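Below you will find the structure I want to go over with you.
Note that the chains are named A, B and C in the order they appear, and that numbering of residues resets to 1 at the start of each chain.
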Amino acid sequence: MRNKTRLSDILLNGFVYLATSLSVLALGLIFFYVFTEGKDLLSLDLIRGNYHSRNYVATLPQSSNDSFNLQPTEQTFAIERFGLILEQSENLAGDSVIRVVYVAEDSPFSQLVLQETGNEVVSLKEGMIMMRIAYENHPTSLTSRGAAAMAADLNDPDRVVREVMFAQVGGGIRGSIITTVYLIGLTLMMALPLGVLSAIFFNEFAPRNMITKTMRTFTETLTGVPSIIFGLLGITVFVPLTIRITPASGSNLIAGAMTLAVILLPTIIRTTEEALKVVPADHRFASLALGANKTQTVFKVVLPQAIPGILTATFLGIGRIIGESAALIFVLGAAIKDSVNIYQPSTSLAVHIWAMMTDEPANVALSSTIAIIILMIVLVMNLSIKGVVSLMIKKGRA
Amino acid sequence: MEPIIKVENLDLYYDKFQALKKISLEIPQNKVTALIGPSGCGKSTFLRCLNRMNDLIEGMRMDGTILFHGEHSESSAYDVIGLRKKVGMVFQRPNPFPMSIFDNVAFGPRQQGEKNKQVLKEIMEKSLKQAALWDEVSDRLSESATKLSGGQQQRLCIARAIAMEPEVILMDEPTSALDPLATQRIEDLIEELKKNYTIIIVTHSMQQAARISDKTAFFLMGEVIEYGNTADIFANPNDKRTEDYITGRFG
Amino acid sequence: MGSKSLSRVDRITYFLLTIVGLISASFIVFISIFIALKGVLPFLTDNLGLGSVSLFKFLTQTVWLNGPTFVSTAYGAGFLIVNTLYIAFLSLLISFPIGVLTALFIAKIAPKKIAGILRTIIELLSAIPSIVYGLVGVGFFLPIIYSLARSFGYSSSGGSGTLATVFVLALMSIPTITSISEVSIRSVDQSIEHASLALGATFTQTRFKITLLAAKSGIFSGAILAIGRSLGEATAVSLVAGNARSGPTFGLFDITSTITSTMLTGLKETQGIDYDIRFSLGIVLMVVILLTNMILNYIKKKVGNVHA
């Protein structure tokens, strides 16, 4: 009998250890996968760059015979005649391309004229891709012939440049970062006052009756509503509302922020209320006894003590805003934009991932890079909450 | 008769604090031994040494010997599970498991691998009868144990301990959470149980010790000040401190 | 807090705060009313000449827009309901034991330091946005499931389908179940655990037979919350489900679709039945979640009340 007990104990304990390892493994798996897939693309260029690539065809109005003084390295090719340095490189797809490494300030290439319009001035910038340069009466310099040949052609004083074709590489996420930052700012601007004041109402002012109880139940019910349903609320209420009172004409960032504000509301109310509850009743009595009215007591004595709670709610909220996707797809759309306007559709980082993953073929690498950024922010938010809490405990002891 | 439990030179520490100092006691079989003394004197700690429940406390250290049937029950090689089967325990607050009355009593035997429903039923009925609870609950055995009254719960906990057929039952202030009537019933029960079991009871109430016990040990600051027949201790305490305590001058 | 003791300033504050409180409480009402109003349109109007959708057919049919023409009868959501419940149930089957046992380990077995680390890990897992789970589902699970299916001689659609969805949802549910179970396991009265040990039960027997039993109400709450989230999860599911247009799907390697994943498809329309029908699906989703919650809470009460 004892042996049987021992055996079943070992078995049950085995299950416990197995389950725990699986849970830990899950986190490991997520971080490991996202980092191995996404780390290669992580760079400042990605954060600053446009998502959509753009090709330019331009002419060179001023021809120059100045000789620029350049210092190329062994792998790069200098064009002294125009003040450019080129490099043989590869794009994300692995094709060989000619990349611009340096453009001198007074280079004629920083004053190109777009052929399309004939008057718009564009400048060649570092990091752009040089695709093709056509000359009067001479064969064209092509990507396929390499950077060295293109540099040699350009340095040839006989050649007159007729047309330049170059491209701005895409795959950057600047637009989505800006949208996310806007969303965080706008959402918190709406959700924090509404949530904190509601918490004050429920905890300090509301009479204890059925109506208050019902109102409380109503706000708490929001917690269980799936985010896709908030999306529906957004397109039926907030999008039409913003179309009416702002220049927006369809899905837009303000409506997205409003929707997110409703999503955050129950969390902010609950967290703030918990912080209000731990403020000792004596503090309220002491303040009232000093002749302060209730409004002064609540806003000058009680609320300041709840700031750590409000801070926690803010961090939780930022995490939620960054991670939210379903509701925003409805209200803000899933079209990735490079220039963000609060009256226009755009994508947050999370929706950016969704848009790329539902595309054919899915861009797993860039999605993982964005996921790294999201995970890092979520991690920082979590650590901040822990920091606030431990600070609170320390303060409480002191 | 040979004592069932023999404790010699027992020291016990919680980290640096010494909770028991050189305790030596012999517990006679089929008698009720009462442990009395003011709060924090070490009487409950001592009780919990006898079924090694103190093992659960971190930082606990023990020196000395506790002989159970002449064997070193304090040594780490001793089978703790086996010890706890032979030395049952009833706690201060009634603590029935959140399951039916039947399942509560059958819990111990089931964990030992007893699956036969008929056998379990017999054990259950016998234990409940011995704990004087059978008449009150025999028609609602499948009801939740947590719905019983406090006194009934405590008798159920006694039945649960009896179901393991122990030799010794440790009781840690079993009536402190009960009303006088329920206390009375438990005391009657203890009187009945000592025919079959050795009972060691920690109590705050000197009257209770005087009423039900055969032997009494007076604990103070982790030491046994006096140990002897209950009648002697209450009538002629040898030590001034014992006298002060039982006459209610401190404690 | 009688209003008699309030000064004039306080009365104004009270009035303004009441309005704020009412606004906060009104959103759920807005959600219910607006979605209901929009969601019944396909059943009541003739949908710009397409004819009205029959509610009965909508709830029972097994094909979603999978025909040669767009007609009002092409919207059958019955299989979506079945798929959604089936997938949520299967994912709970995986996440429940793992989540609860992890909670048991954290609350009762692990040394303090390790328990603290594990708690942080669980917190982090629950803070990870669902889209990231979806991404890992696509990048990591799909290829594995694809080759797994192949080794069974089964050709799956790149790995998308029931199993992938179940895995992603299970992974997402574990932290929810663990954190709620852990709190309730930790708060189990130590005295009954001691009673079990004093009866000669081993630590393991005590943990499984007494601790988990005493914590069952909290554990059940965790499971209810997790299943609610699984039913409502949208983006992660839409990435791995495969978006089947008919069903129900029971095969693990077959493509599937849920109520939410279907709501995310066909987003281009901004009016007409294709737009309104999403609100009908929204109503269906809310009803499914509410009913599931009610049934599970009823079971919880029944099971919990027997001996607690």
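The rule is short, and it goes like this: a residue touches a chain if its C-beta (ideal position, glycine included) is under 8 Å from a C-beta of that chain, and two chains touch if they have at least 3 such contacts.
Bear in mind that the values here come from a model prediction, so they are computed numbers and not experimental data.
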item	value
Leading chain pair when contacts are tallied as C-beta pairs	A-C
Taking each chain's C-alpha mean as its centre, the one farthest from chain A	B
Chain centroid nearest the full-protein CA centroid	C
Rounded Å distance between chain B and chain C, as computed from the means of their C-alpha atoms	49
Separation of chain A from chain B, taking each centre as the mean of its C-alpha atoms, in whole Å	65
Averaged-CA centre spacing for the pair chain C and chain A, given as whole angstrom	26
Residues of chain B engaged with two or more neighbouring chains	111-112
Touching two or more other chains - residue numbers and ranges from chain C	202, 205
Overlap residues in chain A, where contacts from two or more other chains coincide	5
Contact set on chain C toward chain A in their complex	1, 3, 5-7, 9-10, 13-14, 17-18, 20-31, 34-35, 38, 97-102, 104-106, 109-110, 118, 121-125, 127-136, 138-140, 171, 174-175, 178, 202, 204-205, 208, 228-229, 231-235, 238-239, 260, 263-264, 267, 270, 278-279, 282, 285-286, 289, 293
Interfacial residue positions of chain A with respect to chain C in the complex	5, 8-9, 12-13, 15-20, 22-24, 26-27, 29-30, 33-34, 37, 194-195, 197-198, 200-202, 205-208, 214-216, 218-219, 221-222, 224-230, 232-233, 236-237, 250, 262, 265, 269, 293-296, 298, 319, 322-326, 329-330, 334, 350-351, 353-354, 357-358, 362, 364, 367-368, 371, 374-375, 378-379, 381-382
Chain A-touching residues of chain B, taken from the complex the two chains share	111-113
Of chain B, residues touching chain C in the complex	51, 53, 56, 81-82, 84-85, 88-89, 91, 93, 95-100, 103, 107-108, 111-112, 144-146, 157, 160-161, 164
Touching residues (chain side chain C, partner chain B) in the complex	189, 191-192, 194-202, 205, 209-210, 213-214, 305-308
